[in-house]
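Next up: the structures, one after another.
Both complexes below contain subunit A, partnered by subunit B and then by subunit C.
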Partner chain A sequence: MLQSIRPKNRVIFAYLVIPVVLYVFSVFVPLMTAGYFSFFEWKGGPNKTFIGLENYVALMKDTIFWRSFSHNIYLVIACIIGQVGIAFVFVMMLSSNLVKLKGIHRTFGFFPSTVAAVSIGFIWTMVYDYKRGILNWVLKLIGKEDIIKVWLNESALVMLLVSIPLIWQFIGYYMVILLSATSSIDKEIIESSQIDGANGFQRAVHIVLPLIKNTLLVCITLCIAGNMKVFDHIYVMTSGGPGYDSMVMALYGYTVSFGQQNMGYGSAISLGIFVISLTVIGGGQLLVTLLSKERGEKA
Partner chain B sequence: MVNNKKKSGLSPASKIKNSLLYIVMNTILMVFSLSCIFPLVWMFYSSLKEKREFNADIMGLPKSPSFSNYKAIITNKDYRIFESVINSLRTTLISVILIVIFGFIVGYILSRLKFWGNRLLNLIFLMGLLIPIHSLLVPIYTVFLNTNLNNKWFTLIIPYVAFGLPIAIFLVQGFVKGIPIELEEAAAIDGSSFSRTLFGIIMPICKPILSTVAIVQVFSCWNEFSFALVLMKDRRLWTVPLAMTQFTGQFSSDYTKIMAAMLLTMLPIVVFYFAFSKQIIKGMVAGAVKG
Partner chain C sequence: MKRKLLGVLLVLAMMTTLFVGCAKKSDGKPAATDKKEGTEDKGGDSLEYSGDLEIMHFSTSEESQGNGGSDGFRTVIANWEKANPNINLVQTVLANDDYKTQIATLAGAGDLPEVFLLQGMHTKAWAEQGLILDMTDIINDSPYNSQYDDALFYPFSAEGKIYGLPALTGGTCAVVVYDSAVWKEAGFDAFPETWDDVLKAKEFFDGKGMDTVAFGNSGKWQINSCFLSAVGDRFTGPEWTYSLIEKGGAKFTDQPFVDALKFTQEIFNSGLFNPDFNAINNEEAREYYISGDASAFIGGNWDVSYIQATLEGTDLYDTTKFAVIPQPEGATASYKTHDIGLGYAVAISSKVADDPAKLAAAIDLAYEITGPQFAEYVASNYALGGLTKVENIDLSKFDQFTQDFYNFSYVDNNPCEIYDSYISGAVWDVLNTDLQTMLNNGISPEDVAANAQKAYDENY
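What follows is the complex of A and B.
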């Protein structure tokens, strides 16, 4: 840039100071304070006792924390298969001329992703409700009264049941992202494959899939980041219960800090979440970059 | 799956196959689309029922629709439904405006000007894209508590702006790189000051990317729950998602009232979505893919 139009340093400083201070104050200051408090036994009151690394030792041995982490991973995998997978199938269907009302599917399908997670959680609590739930209503309707239960109290089922709303909410979101990727594929490629006699399934797997691979990988990274931070849905639907059967990391940190007033340990958990999420998200992104480089030119 | 090999002169067998596919594919997509919109419809007509009527039949249409649930929600000051909508509107509006302005300024300066600390700032904002924000939930509470910033009307604006900035800056930077630098040079030769060029010339050009930023942030600020939960104890300052949680314990059996409250608080965002769905979908996709 021309030197003559470069503003003075103090002008630059004046423009940058507020956003930078806000950002550092909200992101880096909390991280550092958490680092500090994690060395204390602190129940939220005025008294703090320095206990060194004890909180971290406890964290390493905390089976509930690691179970919460495994639930996050469960949700990541369920959502990659459920959201991105189903979205891809839907996109393939939508690209067929047999399907009508494409605009409606887009607008309606995308809608849930704009609704607050709290509301989604509520709606699905009503679906799973024992006396007045839609699920039990349907079961009664088809004469399966014997399997009616208080769904969200079932330890073995609860993770599956809470992952369904999560998956359902964002299918349309990924569908629209993938649609925008497929619409940029050259029509001639598809047509020539039709002439060569490729059927719908072959086209989906061998032509469309490789061509939108990069967008698919973007979706997968979004999925990973989104499910490492899941909190609202679970808070509303089960609060992590029954017991800790649907506990996730962020909610566990919250419960320990505010439910049990154990702020020192809560700070250590926060840093644990920070490191673990960063590793998983960063690792996922690294993997994605490597994968997309392999055939970078094509996509 | 997709099958549209031929357009005319179909053999009877493939005609049957096609019509079968037609039915299957359209049904699956229709069921999905309806499932996305059905909760809204179901909640609306159920909210017009009395509690007793709903408990007797959860699916049926109301026999004598009435707005008594809405009346109860609105007239009872303890629910603070309107206050929560106002709080959410205020927080969202101010946060989004600040994110757009700050994101634009920082994004532009970082991509165009060389100065001491440029690369460092670039790095820390880029880190913001990767940092798992949710791990800050508890730490941010302790910081805000110690600085006495929690429980104020502006409290939530601080983290919302901070968390929205990295993606906004990233998107603006990408966009500004596509603007020819000659434009600014010509403006400078014509005697336009830096600030005038910034807001009078560059900002209008950046409108498409700034509206993308705004759309994405409207939804994330309006729907944000976890930080509001830890930072706002004062019920008068609760945002919409927080106000909804009061219904979990209090009268979790009174579904018709909950539905009325949910619809009332969802109204602004639902109207916004269906009025501008095309632009919103486009903006959200652009925001997601480039980010």
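What follows is the complex of A and C.
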């Protein structure tokens, strides 16, 4: 930046102080206190008993927590394929000359991500409703009454069913991010590939994908982070049920802390979620970087 | 330079607001509190205190429409406010589900409101934490003591001390609401007394395209409060429940309780209930009854209030009757029982004891909202009972629906305990979640009992 227009250090510092203080109070302090409480047997209230690492030992052996973690991973995979994958397909379709009214497609595609997660949960609960839901209504209409189910009570299907609203909601969000990335690709590159006879699929995989790699990495990171802390959709749709079949880590932490009044163990779960999420996000990034490096080397 | 100065000032102002905002929480009382101090006590009461008094409850204005307990609660509070103009009653009113979460969170933070409604299952834990005031002497000194129904204090007692004055109305948590007209068509003059007969009627209702019984358990607590508490009692008898509460040696894994679980699993797999019972809540299930999609519904008194308010003036209102949950085969410990009681009590935060004048005001409020004024209001307007006994309720002025429900609740059947008024939320959370899985055949009754026992050993 030009020195003449660069604000003085103390001005920069003064502006930064506000977000930093807010961040420290809303993220850092709660995290530290949760860390502190996780060493206690604490059922709420003023009395706590120090138990060292016992909560963490219990966490390692807690099958429900690890089952919840596997559900989070399921969601991460489903949403990377569903949200980022479908968003990429949509972006490629939108960049085609055959598609008209692109602005309208963009707006309507983005619209679901502006709706509150709780409302989305309620809408899809109605879609899946056994007696009055549109899904069973359509199945009846087309004569497939034999496959009508109490959808949200199906242990084997419930994770897929709760991930559909999540995917549906955020396709538009990733679509907008990817659209901005593709719009910065030099048109000449696309045109010359067309002249060379590359079809749509080849253009998408060999031209666009490598050029928006960094944006894609950001999208995947956002997707992993979002799905490791997912809570509201599932809370509204199934409360983690039937039984623990759609339980996710954040909802489990909430249930233990507030449903079971076990604040000490609940804090340990929160810390566990934090560490696991960081590991998964870091692992995801590493994997994507490694994969793209390999591709580069091969090429 | 001026602009820079302004910038710095704005930043400082924001920072100050932020810190003041944070600090305010810790010093508790807002400035308005002292406004009325020193003013004359104009009320008919002899309360010395003037200033704010907090109360948190769940009798929202929406809930009070048609719900006698809520209506009575709000009415008595309003009267108390009028009688004590020097006291600014600061009410936090939340819907019941939100209330439960909020109060548990506040208890966790050691920051309970001055006066609030205590659920039986929290009594022991919160008393041990020193969060709630021992009210034994307060109850003994109550001007209404002689009128109290002593049995109602049991869920709010721990180690020989009492921690709350039972509030609202004594309502059943397990009632079969049924359409007598359609059951007559099925060949039954009243709702059957055995499940075998209910199963016989199933064919008839299947033919009509109706569910025999509607039930909603997506919230997971319904199967415990509205079914298992009563069915369990039929298998185990009350002594087992008391022994479990008082740690007298009873176990969830005892055979009679496991039998109750087995029966529950079997009956929910028999096709009697709406297939989506695990995916909808009680509010949706009662709509199946209201809309004629089901011939009967199992729920609690709160559902009956809603059904009454919704159906009034319709044919179904006139033919709606009440029955206890039928007797399961092999259950011989008790008969015709339904879990009924006062699920909440007015409790006072132990912190209020530091200010004797405020404590006197809180006690006075607690006496009134659980006293004869409340009981008479709900008895004369809704034919419901509260903590104090009301003699000679004139039932003749009520319609048949209300009379029938009064007789069901207080006259014709036997009371039993509501499981989740006792022990600990941690135990019930584990049991309720497993029960939901068990109804889907995802876990055996024996394992449900073993998991509940493990949670009981760890948390109680």
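To be clear about the criterion, the second predicted complex is superposed on the first by the 258 of 299 C-alpha atoms of A that agree within 3 Å, B and C clash if a C-alpha of one lies under 4 Å from a C-alpha of the other, contacts with A are read in each partner's own complex, and residues count from 1 in each chain.
Note that a contact is a pair of C-beta atoms (placed from the backbone, for glycine too) under 8 Å apart; a residue touches a chain by one contact, two chains touch by 3 or more.
The structure displayed is predicted, hence computed values, not measured ones.
The partner that reaches more residues of subunit A, of the two candidates subunit B and subunit C, is B.
By the touch criterion defined above, A:Phe111 reaches subunit B but does not reach subunit C. Of the two partner chains placed by superposition, A:Ala156 touches none, neither subunit B nor subunit C. In the superposition on chain A, A:Val20 makes contact with subunit B only, while subunit C stays out of contact range. By the touch criterion defined above, A:Val11 reaches both subunit B and subunit C. When both complexes are overlaid on chain A, the residue A:Phe258 reaches subunit B and subunit C alike.
Within the superposed three-chain model, A:Lys43 lies in touch with subunit C and out of touch with subunit B [touch as defined at top]. In the superposition on chain A, A:Tyr244 makes contact with subunit C only, not with subunit B.
Touch criterion not met for A:Ile147: it reaches neither subunit B nor subunit C. In the superposition on chain A, A:Lys131 makes contact with both subunit B and subunit C.
With the contact threshold set out at the top, residues 11, 15, 18, 22, 25, 129, 131, 257-258, 263 of subunit A are in contact with subunit B in one structure and with subunit C in the other. On the side of subunit A, the complex with subunit B involves touching residues 1-2, 4-7, 9, 11-12, 15-16, 18-20, 22-31, 33-34, 37, 89-90, 92-101, 104-119, 122-123, 126, 129, 131-134, 137, 168, 171-173, 176-177, 180, 194, 197, 199-201, 203-204, 215, 218, 222, 225, 228-229, 231-232, 235-236, 250, 253-254, 257-258, 263, 266-267, 269-271, 273-274, 277-278, 281-282, 285. Of all residues in subunit B, those touching subunit A in their complex are 1-5, 18, 21-22, 25-26, 28-30, 32-37, 39-40, 43, 54-55, 58-59, 102-103, 105-106, 109, 112-116, 121, 124-125, 128, 130-143, 146, 158-159, 161-163, 165-166, 181, 184-185, 187-188, 194-195, 197, 219, 222-223, 225-226, 229-230, 240-241, 244-245, 247-248, 255, 258, 262, 266, 269, 273-274, 277, 280-281, 284-285, 288-289. Residues 4, 7-8, 11, 14-15, 18, 22, 101, 104-105, 107-110, 122, 125-126, 128-131, 218-220, 274-276, 278-280, 288, 293, 424-426, 429-430, 433-434, 436-437, 440, 442-443, 459 of subunit C are the ones touching subunit A in the complex. Residues 11, 14-15, 17-18, 21-22, 25, 43-47, 128-131, 150-153, 155, 238-245, 255, 257-263 of subunit A are the ones touching subunit C in the complex.
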